[in-house]
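What follows is a set of notes on a single structure, which appears directly below.
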Amino acid sequence: MRFERREHRSTALVIAAPLIAVAGAFAITGILIAIAGAPVFEAYWRILTGAFGSRLSATETLTRATPLILTGLAAAVAFRARLWNIGGEGQFYLGAIAVAAASAHIARGLPSLVQIPLLFVVGAAAGMLLLLLPLWLRLRFSVDEVVTTLLLNFVALLFVSMLIDGVLKDPAAFGWPQSEAVDAAARLPKLLARSRLHIGLGLAVAIAFIVYFVQSRTVFGLQSRAAGLNPSGAAFAGVPLARTLVIVAMISGGLAGLAGAIEVLGVKGYVTNDLSPGYGYSGIVVAMLANLNPLGVVLAALFTAVMFVGADGMSRSMGIPTYIADVTVALSLLSMLIAVFFTQYRIRR
Amino acid sequence: MNDAALEILGVSKRFGDNLANDDISLSLAKGEIVALLGENGAGKTTLMSILFGHYVPDTGSVTAMGKELPPGKPRAAIRAGIGMVHQHFSLAPNLTVLENVMTGTESLCSPVSNVAAGRKKLLGISERFGLKVDPAARVGDLSVGEQQRVEILKALYNDARILVLDEPTAVLTNIEAEKLFSTFKEMARLGLSLIFISHKLDEVMATADRIVVLRGGKLVAERKASETSKAELAELMVGRKVTRPVRDPSTPGQVGIEAAGVTVRVGGVDRLKSIDFRVLTGEVLGIIGVSGNGQATLAQLLSGTVGRTAGDLFLFGQHVGDLTVADAVATGIGRIPEDRNREGAIGEMAIWENAILERLARFSRRGLVDRKAAIAFAGRILSAFDVRGGSPTSRTRLLSGGNMQKLILGRNLIEHPRILLAAQPARGLDEGAVAAVHERILDARRAGTAVLLISEDLDEVMMLADRIQAIVGGRLSPPVRAQDADARKLGLMMAGEWEGREVTDAV
Amino acid sequence: MTALIDILGSAGLWAAVLRIATPLILGTLGALLSERSGVLNLGIEGIMTFGAMIGWLAVYNGAGLWTGLLVAALSGAIFGLLHAALTVTLGLSQHVSGLGVTLFASSFAYYAFRLMVPVAGTPPTIVPFQPLDIPFLSSLPFFGQAFFTQTAPTYMAILLAVLLAYLIARTPVGLAIRMTGENPHAAEAQGINPMTIRYGAVVAGSALMGVGGAFLTLSAFNSFFPTMVQGRGWICIALVVFASWRPERALFGALLFALFDGFQLRLQTVLSGVVPYQIFLMIPYLLSIAALAVMARRARVPQALMQPYRRGER
């Protein structure tokens, strides 16, 4: 058996790939559900109704999708330039804690229209900073950024844990490690009353469109794509590789930091050790499922959110561990990799 | 019948639409040296790969020492006594000579490797054939010639009786090549059979007993070396009389580019050592030399991707500091890189994107790419330079090598550059594309461009250049006029022998 | 100052160092074997998690401790097979595939654990490996307590490091692995199938990772809880670079690392209340990053690491 490059990639195949991948993942998860002794189709149905069955669950799904869009974009932007930023989780937390600190202690009292944009910048800057260190190590010492960004996730989480257990600790929290609540003026307006859904969703979708535009229409987009596809070819054509990577890192880290900022300002209002159920890591899956397309990221984030929210509901009613959602999402990633491969190669004999 | 060491019978192999080998039969006697002659793309390498079990032929069989080889099994080929010496050496630079040689020679289940015995055997072979090496040396520290020796030793260590060599002299100096060929003759005398691929007529005539000519995947002729001539072989190989572009006398003008004592250090090594040259407008300066002697650095220097360590560089009489890519493009330096797939184009991007990537400043407004203008520009290149097999929006990877090179040439020449840097512009192209590329370069010369041609192909340089300098170990020889040069003189220059300089510091 | 010396002089520290080092030794050896053949296996974090879970689960359900380790090794091998199929056969990005394996293996581990072990107030426990009582050696003053009160898997890990060092440097199969990691085309030309070698190295390496994970639940602790691997897999990947891809140095690197870790754990109790404990917990990760920065340029990287091999495609 041998693989042969396809000369022409059909659009139908490219669109079908993620669907086939997700179907494959569901098939395997189905086996796991069956092993747990539950009726498979009913379980899937409950996931769907758990995610969309009521106004509450639907808004919850969209609320969950919001940070996933941003961390997904963070990964997609970086991966496209072959910058392996696996540090989304750490950048998310750093963005969150930066915002909590700034709002509670520095920006407090500023009007919403000033304070919120200011805090966005603060959150994004914190995420950026955390990614610039691994990038510097890569450019200066040729250290693989995959490992350093992964390791920095743990450092960032411990750092946040130290702050919310120390200088930023809310004295009114009965000893629980959590930061002081942000200023009421910094809270993001709700999209729908009586729900957790906030304007962050609109913002995230808008950013996806902006990223799409930047990648497909601007000089920087063209250059960063060239740098990712063929660094020596790009350098020969005069693309400043290091500078391009730095900008890519700033965008990527910034988006992950912004995701943390928006989560704090939009949903919780303060930072805890469990602010993120792995949004940074899930962002990687989201980006891969979208085949690094910024608009695809929105859909992939929605799919992932459906899985997580839906599985919560299903798990309660059917006694299947909620981790089934993580398993499905991870399997979708693996089967997506295979599906994308077969859009590029065919089997010969 | 049984004195045939190797017998190839009716081998055919198809890749997509391309019939790389068409019903080829060939035999090799014990103690015989056969040369496989053919242009690039004639199917030589495919045939060798089939012989060695890398490819499975569609039809036909290979018999070695009277036994038919199972197709697609390199191990069986090795066991049958076939040893292959690849053009791009199959060596691991981080491992020692002995480790490279011994890989795969012992049972993988054996709990211990008999290094002492291996070393003894290697030294014995090295003694017998006059191929000196240090078994403990790291391969990456050896010169190219020594690495090739390791490659040959590897085959002999596996008790090869039939040696297959893919363009063995491609990376050697003339002197190293001569030494290699005397080793070949010695091996044949000791009863080995050799088959080597080449497209150099001289070495084929000098070394082989028999010459087999391939063209377009077919075996077109078989001649005894004693019964043929270079002229006949050249005609057989190409299949028609080639019309080389005719050269007008050059009408050189002002100095386009001048280097005075330029040294370039990369990674702690002086890749260029105080070189001097000048290229006038309306002439072609050819830089010849065996690859790996600083050509790449010279090309990078003028492409703007590497800076000077010392010395001065002038463009049209004006001193330039460190040239960047943007400067180079803005000054009107057309750049044809040595490796079109690695540097010349980005295969996964559209043709229009590759056409303008180095000119983004011109094809953008306020940071936005002017797609319309860029696609129109690419369209102009495709039609003016006869690039076939794609439209401006199709992926560049789909173009054939020749068409991709025409695209690269086109994006540089369409704007009439004042200086053209062409590094190995015809490498790996078929005969038709080579002629087209050469014609374009001569057109540019006629239009008054100062052309710097870097090439390993003597014929190419002799045909295009007005003046010639050789590059050896990062140094440049003084120029000679093309009409005063002959192949012998150039060969000596490439080996590092020129006035006032000893051969000894040649690489 | 005297506190520091007290810590270094306590036999308990050195005993802890060996204990902390064991999973790192096993994981690093596994990653190293795989990388020597040219395949980076970022599945390590998930494979260790799964190994920890399945090994524990086997013992919890009545299997012997050694059977538990074997089951963990097998599970690692299966995930290794998955990673090899994606990266060797299909030639996909080793980074992404490895992360995918990690996400899949760890979430699958949590799922299976929750399914098999209902939620309880305190996690259920097993009886882990007990320290081996080595005649004479264990009863030596100081040294006995410091170095000879370990459980059997610790000695096994050290022995494995020596064996692997020998295998890679001195045997034909070791040479074949090295050649495949340096230049798979050359290996192929010498009649070695690089695909087979890579499959073998990835699968065997992943089995070692699985055992490394199981050590946590079967020897270091006696129960399984999610996130217990805590980035140890990533640290192993960093240690491989630190060790310059050599097993004997990997052993040294893991021990050195464990020394720092054991030291900070004790320092933590000495300085509790003065310095936040999180600072100490950060040290291992920061150390790994520092080790990478120092060693990345100096180390002799296998030349074909992360390069997919396809026959006939150069």
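We just call them A, B and C in the order they show up, numbering each chain from 1.
Basically, a contact is a pair of C-beta atoms (placed from the backbone, for glycine too) under 8 Å apart; a residue touches a chain by one contact, two chains touch by 3 or more.
Computed from a predicted model, the values in this text were never measured in an experiment.
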item	value
Contacts common to chain A and chain C (chain labels)	B
Chain pair with more C-beta contacts, B-C versus A-B	B-C
Distance from the mean Cα position of chain C to that of chain A, given in whole angstrom	28
Distance between the centres, which are taken as Cα means, of chain B and chain A, whole angstrom	47
Between chain B and chain C, centroid-to-centroid distance (C-alpha), Å	45
For chain C, residues contacting two or more additional chains	311
Parts of chain A lying in touch with chain B, wherever the complex brings them together	7-8, 217-223, 225-226, 229-230, 232-239
Chain B residues touching chain A - in the complex, by the definition given at the top	303-305, 324-326, 329, 335, 337, 342-349, 353, 357-358, 360, 364, 367-369, 371, 398
Chain C - residues contacting chain A, complex	42, 82, 86, 90-93, 95-97, 99-101, 103-104, 106-108, 110-111, 114-115, 230-231, 234-235, 237-238, 241, 276, 278-279, 281-282, 285-286, 288-289, 292-293, 296-297, 310-311
Residue numbers on chain B that touch chain C, as the complex places them	49, 52, 54-55, 74-75, 78-79, 84, 86, 88, 90-95, 99-100, 102-113, 115, 154, 158
Touching residues (chain side chain C, partner chain B) in the complex	170-176, 178-179, 182-183, 185-192, 300, 302-303, 311-312, 314
